[in-house]
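These are the structures, in structure tokens.
Look at the two complexes coming up: subunit A is in both, with subunit B in one and subunit C in the other.
Up next is the complex of A and B:
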């Protein structure tokens, strides 16, 4: 019973709105603009450009090898046209939480970048449209872990200790200690920030893509991306083991092991290029 | 392939990727062999990292690029909790054979690179000796 109480109180703490990472005001403004179908990309770009530091960071990210555009994207408007608003929004979010992520968990930023790169490669290989959307979903898939580390540092340490002592995955340890995993926190964050459905689905279902009702393909891509980047141990997700590879995810993507190996060839090459992408 | 800080670049290393300035303009092509003047020029352009063939510098961590033999060795550890799961064991086996092949290819390339370097050295020495002979 006492245990139950701990879990409920923890939940409240995690979900305390005012302590959550704040997103730049620009984002709210832009989101409103997007809701109006009459808005042009010029108008949206002009709002983002007002924040010069943010614009520079966004341009740096869209030009990084994670998105794999051969040419140079030199303006926000150009980026919006090429990548779409969802991707730019995801990048703005990742810039806002970057400092926090780097401080909260060593290696998590690299893990996220790696997963983004892998997800882009997999989506391209599977022949999906707009692979950049999958990459952004990969970039944001572990944000919930940052929230635990920032809001509940003591419990976060306990999770890390449990991972080591009991030979558990981070995800299982979270469930043991908190009563729920980062996928739940992700789902909540996604709603709170009003993220697009595909990115929300991937954030909350990357550990259980077979149970996704919506955007199953995005969930499966990020699930496989997470698995692949762990094989290379590029960065760390707080784990000392691979994640469980769901055979259903491979089936959904129409992937055989040989397809995965082609993606791994590409990933091994590209990890070198993304290894020093920061904001 | 390895990404190295420009301070650690030495003449004789070969570029695995083109060197680009921040504005995206390529200044040196892949497969070019570095010389001291080239290294100085890269430095003066404020480019701080380049990607070269082989693993000439021991840096550890992500910058070192993927070492496939290391990946192969890590597989049993990473899959240790799935020993009773038939499917995951199958996946592990398949990945091990993948990394084994990649590791062999990587070792062969490293060897070839070394041979190339040695033969360059021999030619240089022969030139020095040869000049002595002509005189």
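Up next is the complex of A and C:
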């Protein structure tokens, strides 16, 4: 009973979020771009895709019923074309930055960008169309952790303490403290914000891709991406453990170890470029 | 005394009915616009006005709540309850005592009100705004909220009359009907909303405050731009539309790049993914005199654009 109460109140607080902050690095860069009306949407998109919160805001806005096509847009570039310069600038100037937890958030931003990069590479190797959409799904896969930190600071601290004390993964510690993980929080957010099915599936099923009913391939790609970027220890997502690699995910994508190795090599190269991004 | 030397913000002379026993009000109203712009017909009693209202509806109705034979609200409602007169803007004139209780504006369907005492200039602008608002609301496309036919024709004719150079582009979608038939009209509306957004944002991204986008209806859109920029605008509309529209199909159809459906005769037919066709006509050095010329040329060009199943644009190269 108590668990139910916690879940209900947490869900209310999570969905009440209306001003998700981000880190200043990418925000400053985009702010400069939108000050110049000559900037193309491609240029703006190429910067926004590095920041999970700005990307989430764009997709939330363009998929809102106001625009008339909820759940259809999963590409940042398309989102920006449809929102237009004026609305993009509105999103940018109304976004605030973290004044606390900056160091921890930097790790999470790097992890998300790393996972986006890995997911794009894996999707391309698997021969899927529109690998950028898999990258976006990878970018947003841990958004629930950001929302937890902002909306539930006390519970978030308890989770971090549990990670430390019991030497658990962040995901296990969430289940200890909340009774559910960020994948559940992601599912609430994805539905509330009318995000497209493929992104919602990856957000809520990247730890359990074998259970996905829809968009299984996207879930498996992001599952693998998350695993790889943890192996490289690029950024941090709340713990320093490797995640469990589901053999079903490899099977779904038709991946052998040699495919994994090729993806890992490519990821190693691309992470060098990505590590230039300062958040 | 209000200044009547300025032109009011509407495009043609308005016929107004004033139903009021208050002679002072009537005299004040008459000073607010020159007789070139506003023609008043005055009724002292409500009942006597109603038949004429229905027979020859004016452009504006001003009703006084001081009427003795029938309430102002009742006059307003008798007009507003008929769909063919609903667009007629109605302003209710009241006294302070009338405001003691809150009004239920869902049952008294007026467009605005004035409360005595008001200054003449306040009345003038309140009424001007009411007229403009009614035009906007009447003409907007109910789906996209873009300006509709009346505004489009007015805009084109205005540019022709001013002998300004402009390019006029007519856009429509190929295979929209087959998409609608397969996926249903609400999925079709999603595509129209997306198309409107692509065109609006593309056109807005070009400099020049005179650019204009209208929605003729269904899958027909219009935009107006300076002649030297229009080709680039067409390219960008085509490029954005082609990149985005596949995502409005189900995954299987998107992958195939076509939809397959069976028509009423049981014949299996294939339709490519939707494409946008744009026909552009130019008015340079004031060669056009009437909006009809522009649309006639555009329609013949559109046939040419439609011959290509892919997205494309055709420019009128006649000089």
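Basically, the second predicted complex is superposed on the first by the 174 of 279 C-alpha atoms of A that agree within 3 Å, B and C clash if a C-alpha of one lies under 4 Å from a C-alpha of the other, contacts with A are read in each partner's own complex, and residues count from 1 in each chain.
By definition in this document, a contact is a pair of C-beta atoms (placed from the backbone, for glycine too) under 8 Å apart; a residue touches a chain by one contact, two chains touch by 3 or more.
If you're wondering where the values come from, they're calculated on a predicted model, not measured in any experiment.
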Of the partners subunit B and subunit C, which touch A:122 in the superposed model: first, second, both, neither?
neither
Just to be sure I read the superposition right, which of the two partners does A:137 touch: subunit B = first, subunit C = second, or both, or neither?
neither
Thinking of the overlay built on chain A, is A:232 touched by subunit B (first), by subunit C (second), by both, or by neither?
first
With the two structures laid over each other on chain A, which partner does A:72 touch: subunit B (first), subunit C (second), both, or neither?
both
Looking at A:221 after the superposition, I want to know if it touches subunit B, subunit C, both of them or none. Which is it: first, second, both, neither?
neither
Of subunit C and subunit B, partner touching more subunit A residues:
B
With the two complexes superposed on chain A, say which partner A:261 touches: subunit B (first), subunit C (second), both, or neither.
first
Of the two partner chains, subunit B (first) and subunit C (second), which one does A:241 touch, if any: first, second, both, or neither?
first
Shared subunit A surface residues [contacts with subunit B and with subunit C]:
72
Subunit A partner contacts - residues on subunit B that touch it in the complex:
1-3, 17, 23-24, 49, 51, 62-63, 65-66, 68, 71, 74-75, 77-82, 85, 87-88, 91, 94-95, 98, 102
Subunit A - residues contacting subunit C, complex:
67-69, 72-75, 77-78, 81-86, 129
Contacts from subunit C onto subunit A in the complex sit at residues 143, 189-191, 193-194, 197-198, 200-201, 204-205, 240, 243-244, 247-248, 254-255
Residues on subunit A engaged by subunit B in the complex (per definition of touch):
63, 71-72, 110, 167, 169, 230-235, 240-242, 244-245, 247, 257, 261, 264, 268-269, 271-273, 275-276
